[in-house]
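These are the structures, in structure tokens.
Common to both upcoming complexes is chain A, partnered first by chain B, then by chain C.
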Partner chain A sequence: MPSFVTSRLFWIGALTVIVALVLPTYVSGYVLGLLTVAYYTAVFAMSWDLLFGFAGEVNFGPTFLIGVGAYTAGILDAHFSPGLSIWLCIAAGALAAVVGGVVLALPALRVSGPYFGLTTLVAVLMLQNFIVVAAGLTGGEIGLAVPDVISIDAKTNYWIALGFMLVSGAILFGLSRSAIGLILQASGQDKIQAGALGFNVTKHKLAAFVVSAFFSGLAGALMVFYMGTASVSTFVDVGVGVQIIIAAVLGGRRTVIGAAIGAIFLIGMGELLRPLGELATLIVSVIALVVILFFPDGFLGIIRGGAKA
Partner chain B sequence: MSETMSGAPMLEVSGLTKRFGGLVAVKNLSFSIRPGEILGLIGPNGSGKSTAMKSVMGVERPTAGSVKLDGVELAGLPSHRIARMGVGLVFQHSRPLARQTVLENIKVALLPDKLTRLFADKDVDARARAIAERVGLGGVIDRRPPTLAFADLRRLELAKAVARSPKLVLVDEPFAGLTASEVADFSDLIREFRDDGRAVLLVDHNVKSVSALVDRVLAMYLGERIAEGKASEVMQDETVRRVYLGGALVSTARPEASFKDVTPALQVDKVGVLYGKAQALQDVSLHVHEGEFVSVVGLNGAGKTTLFNAISGLVPYSGDVKWAGRSLAGGTAAAIARAGIVQCPETRELFGDMSVRENLELGGNALSDAERAERLEWLFGLFPILRTRQPQLARTLSGGEQQMLAIARALMMKPKLLILDEPTLGLAPVILETLSKALDRLRETTKITVLLGEQNVTFALPHADRVYVLDHAKIVWEGPPDRFEAEAAATYL
Partner chain C sequence: MLFWQILIDGFAISALYALGATGFTLIFGVSGVLNLSHGAIMVGAAVAAWAAASEFGVGPYTGALIGILAGFILAFATYFIAVRPIQRSKAIAESEKEIFILTATLLWGIIIQEAIAYLFTNNAKTVLPIVEGVTTVFGVRTPRNEYFTAVICWVAIGLLWFLVNRTRRGKAVMAASMNPRGVTLLGIELSSIYLTVWAIYGLLAGVAGILLGMFLGVSSYSVGPLTASAFSIVVLGGLGSVSGSLIAAYVVGYLETGTAYLISPAYRTIPALLLLVVVMYLRPQGLFGRR
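Let's look at the complex of A and B:
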């Protein structure tokens, strides 16, 4: 699609990547650490956008998939290290999240809209409760310390996170623009008509759940081995899920790339305003609210300006 | 009609039944369509024609019966399988992809149902362009659906449905919302399907709208077939005429000259309403005298509700509406209601979780206690059943009781003009009689002015002093009820 909109998107993307590539030369390890987390969060938000923006499934619990991936990887490492390579743990985490995605998709085939949204929320609460109750296995409320990390070098971690975000972003974006992305969008808009056009809506939606879960789980598992711990408050809490949703909406729904921009913005702003203490959260929330109220197409919508859908 | 018509049927539906809980929407329906034949499936609102169509497509799963396409059983299959076996449905309303162009929207319909194919075949683009050209979308191929004219949106639906070259094409209300010249264009496109040797099923409200196009018509009422044959035969059919026009009429109409007001109380002057791109009302003029009972009859989608909403100030319109000589244009809905115009909408809008009594008292909110009590007493006289139902929650009432409550609540507001929008919608015949008696008493015992919108002529005519026929957004006939069958039946059947 060589249209104006796409080219704008392309330039924004390219500029962001260039800035990200030269950044390690100029900024401190602390900032790199922050961006590492932001990049993983960006993958969370992009995965969510695929499910909601394209397949039209209101998933209020993105942290269910992330949490399953993160905790599976973390628990395996905590129990079998050093016998088990962390890369195997990460793969297992991604796989577990895919299984979680299929489980989550089951209610989506029966109920839709707000009702499905509610089941995803319940899924998060159930996972959270399970982690707290099974403290022996999961570390409970205190969190799970994993013996291994990918690297202790801030730059290495930064490059891994950046590379991971770029590859995931390219795949998710490509998928959203492919034939499958179109069918997904058609199914999300009008399920009955998509069926009457000969598309197996169930199959396509299930695929969207699987892909979204895979990247969510993979990102969650990678982040565990960056942080060295897994805790409910960073991976599972409903509040974290809300942040991810806000990031995706703030950046621009149904764009994939917007979700990444939104996530980096949210985490960056949170940090910039940190000296203000509790006020920081409030200011970021107000900005998010204003953007959502007045620019429902998010940052990318603002940048695209006149090129409205 | 072509020679292929003599061949074996392509679609054979037999004993089709669809039940929703206790409601039997389609009852033991059988019909067939040959290749190169157009069958019109007609029936008033709620007759089950849409359910029958959806059951063929697999959108609804038939409760019983068989649907065979070229001898292969379709009943019970999911719609995507049925679509791939050669059935296409042209939706009346759909939600096209707003961010993709017309071309891309058509391309979607050409994509394979496979997860392994990330990119469409190379010929998809050329095929999509050819389809766009064929249905007349060639000029708008790079536009996005929200910028399209209404007729072009319908063309897009047609394009998507034919993209997979279905053997059997189902078309839901082919001409709804289209202008005369657009209707001609669409008729040509549908004739092309027939000339290609496809079987076509047109679903519509009445025979007239599809008579020029169809080879055969099947009329449905309350889920069952009531007549089948050539369009002209079905229009002459006794049962069809009774369903659409009602039986012998005992008119009690008062002549217009008997109303003493020189300037009618309500004057609707050249009112037009646009819904996005669809013309919902065009140049509608009518008047109602003080104390007169006027019925506006028209099929579903003719524009009755839109007309009433315009009078009540709920939709913006062009032209003018005058009440007691004063223009209502620009007035808020609340101000118009305070001026004495109260609408009882077809959706009833009762407060479901409040009791019958509470609903009524809310209606009489503006009255003094004594006045309210007196009014309640009068309404319980009019609708005795409501007296016994006072403590019951409104949503637990039967459909007929809910309708009576809705009318009673509107009357609590002491309207000067009562607008009743389709009060018979979804009600059983026995309830209609009760409702009918209540309206009779209302007419005989009060000076209230009533504007009634109905598609059920049997119900609308006996009460009316004067009748307007609304068809495709326009008033096409005006006169006393006893001349309706002779003069207006042809536009209505």
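Let's look at the complex of A and C:
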């Protein structure tokens, strides 16, 4: 009954989007701000899922791409503001992230599994070191203050984040369901066989890196101009990357949409449990571990499982 | 003077790195598991030793014993909670078990880290050293504890070598890392080998954690960097190769100490990271890895 499953998922999705659209009328600016961050994080997680779930690349460094995008946009704005429109800065950030994605793809074509994972981790640590050492340019450990923001209105920011998440989600989801997505999945599972079937594995993997990097960098750059500041702890730190990975696996890997659900869940839960202080992260981690151990297909797997039964 | 200082400090730090990385590489070599809760187990052992010795006043020796016990318990808990259920799961495809174990051990590490932060706060803790005082060798004043650390690390590594090469149980572990199926055909239960390896791992990680706590101090913030440094040393040396890890630990330890003394402590980790990138490009299996 796959059509029933998809239609049920479709209706749940449509309902969620409608709720998200009417939300600004009913909730406070604080909640909207939280959701804005959650939506950007959702794009991070979806981009990661394209690389891991489909291309089969264990990327421990999603924050390398995000950080390159965020800092490029931020530095350009901080040094050339009012002369340079923030949209140009954002475009430059996305472009820089794409270059970063190609750099990251080069080792991926040579090494695999844990070796590639470590290369990406090292890329993050190098970026982090660079930002701290080149403090004059990047603001160092204190962070980089950006003179311009997209808007100071919580609702406008919310709409932009929501629209951006929906559009990039649709593109990434469409891509994953297209022939390209299938070829990627095949080359992720058996590189040699996919090559033997006549598919250009290198070209497709490179494309996956470029697309993933583009959306990560774009989301990072947009988030800089939402927050008005870029700092290592929000964009580059390995801990941020870990959260993105957990979000994608928690929501259901190889689904794209699951990654977004996981990201929104993680940020929402973290906020709901904030009164518990130190215990909040502990509880969220326990929930995530339980889901991974008992429901390896994540939240989306649970919904689908319910639909099947 | 500076030369001797770098030589002595670098030696002690490298010995500690070597001990920490040995357990990590052993687990990978035998069961193919990359344990990302490694740093959390080390810190857990150190904090247990600190709490017993300083908070409950049982003295440094009993404190260290309690720390080692904590390392044991945490290692077994990691195996039974985050590793074995995934290895035995039928719902997870074989090809995806690796990423699931990575994610699960990572989460388990965060759980340990947060539990430590909740129970004992985030403050840095220094474990009561067993050996106190300073001594001067080649005109360099060094805490005796530093020599003690290096000696214990090498004794532990020597004991591991003896265990793996000279005892029956150790030889079975060695054989399992080469050919798990062959070992089962010889009538040795593979799951009991895994238990042995995790026990050895707990001991190594526990001792390394406590020594680190005496030497540099630990806090729940050191969990991530500790895992990352063990991971990079092990990959640099070649995953699964114990002797490779030992050499890599010294390369990284001396690069870091040399950079910190000669250039600036701010650049401490950068040369080691650059070396790692170069090695990944030119020789992906690591300096001494076998493919």
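Here is the rule we use: the second predicted complex is superposed on the first by the 300 of 309 C-alpha atoms of A that agree within 3 Å, B and C clash if a C-alpha of one lies under 4 Å from a C-alpha of the other, contacts with A are read in each partner's own complex, and residues count from 1 in each chain.
We take it that contacts are C-beta pairs under 8 Å (C-beta built on N, C-alpha and C of every residue); 3 or more make two chains touch, one makes a residue touch a chain.
It should be emphasised that the depicted structure is a prediction, and the values quoted were computed from it without experimental measurement.
Chemist: With everything superposed onto chain A, say whether chain B and chain C fit together or clash.
Modeler: clash
Chemist: Look at A:114 in the shared chain and tell me whether it touches chain B only, chain C only, both, or neither; answer first, second, both or neither.
Modeler: second
Chemist: State whether A:189 touches chain B only (first), chain C only (second), both chains, or neither.
Modeler: Once the two structures are laid over each other on A, A:189 reaches both partners.
Chemist: After superposition on the shared chain, which partner residues are touched by A:180: those of chain B (first), chain C (second), both, or neither?
Modeler: first
Chemist: Which holds for A:199: it touches chain B only (first), chain C only (second), both, or neither?
Modeler: Only chain B; A:199 stays clear of chain C.
Chemist: Look at the residues of chain A and decide whether chain B or chain C touches more of them.
Modeler: Comparing chain B with chain C, the partner touching more chain A residues is C.
Chemist: Chain B: which of 38-46, 56-64 or 344-352 bumps into chain C?
Modeler: 344-352
Chemist: Under the contact rule defined above, give the chain A residues that sit at the interface with chain B and also at the interface with chain C.
Modeler: Common interface on chain A, chain B vs chain C: 189.
Chemist: Can you check the complex and tell me which residues of chain A touch chain C?
Modeler: Answer in residue numbers: 52, 58, 107, 110-111, 113-115, 117-119, 121-122, 125-126, 129, 132-133, 189, 238-239, 242, 245-246, 249, 277-279, 281-282, 285-286, 288-289, 292-293, 296-297.
Chemist: Going by the contact rule at the top, pick out the chain C residues touching chain A in the complex.
Modeler: 34, 81-82, 85-86, 89, 91-92, 95-96, 98-100, 102-104, 106-108, 110-111, 114-115, 117-118, 224, 228, 231-232, 235, 239, 266-267, 269-270, 273-274, 276-277, 280-281, 284-285
Chemist: Which of the residues in chain B end up touching chain A in this complex?
Modeler: Chain B residues touching chain A: 57-59, 78-80, 83-84, 88-89, 91, 94-100, 104, 107-109, 111-113, 115, 117-120, 144, 146, 160-161, 163-164.
Chemist: Which residues of chain A touch chain B in the complex?
Modeler: The contact residues of chain A facing chain B are 174-175, 178-180, 182-183, 185-186, 189-190, 192-201, 203-204, 207, 254, 309.
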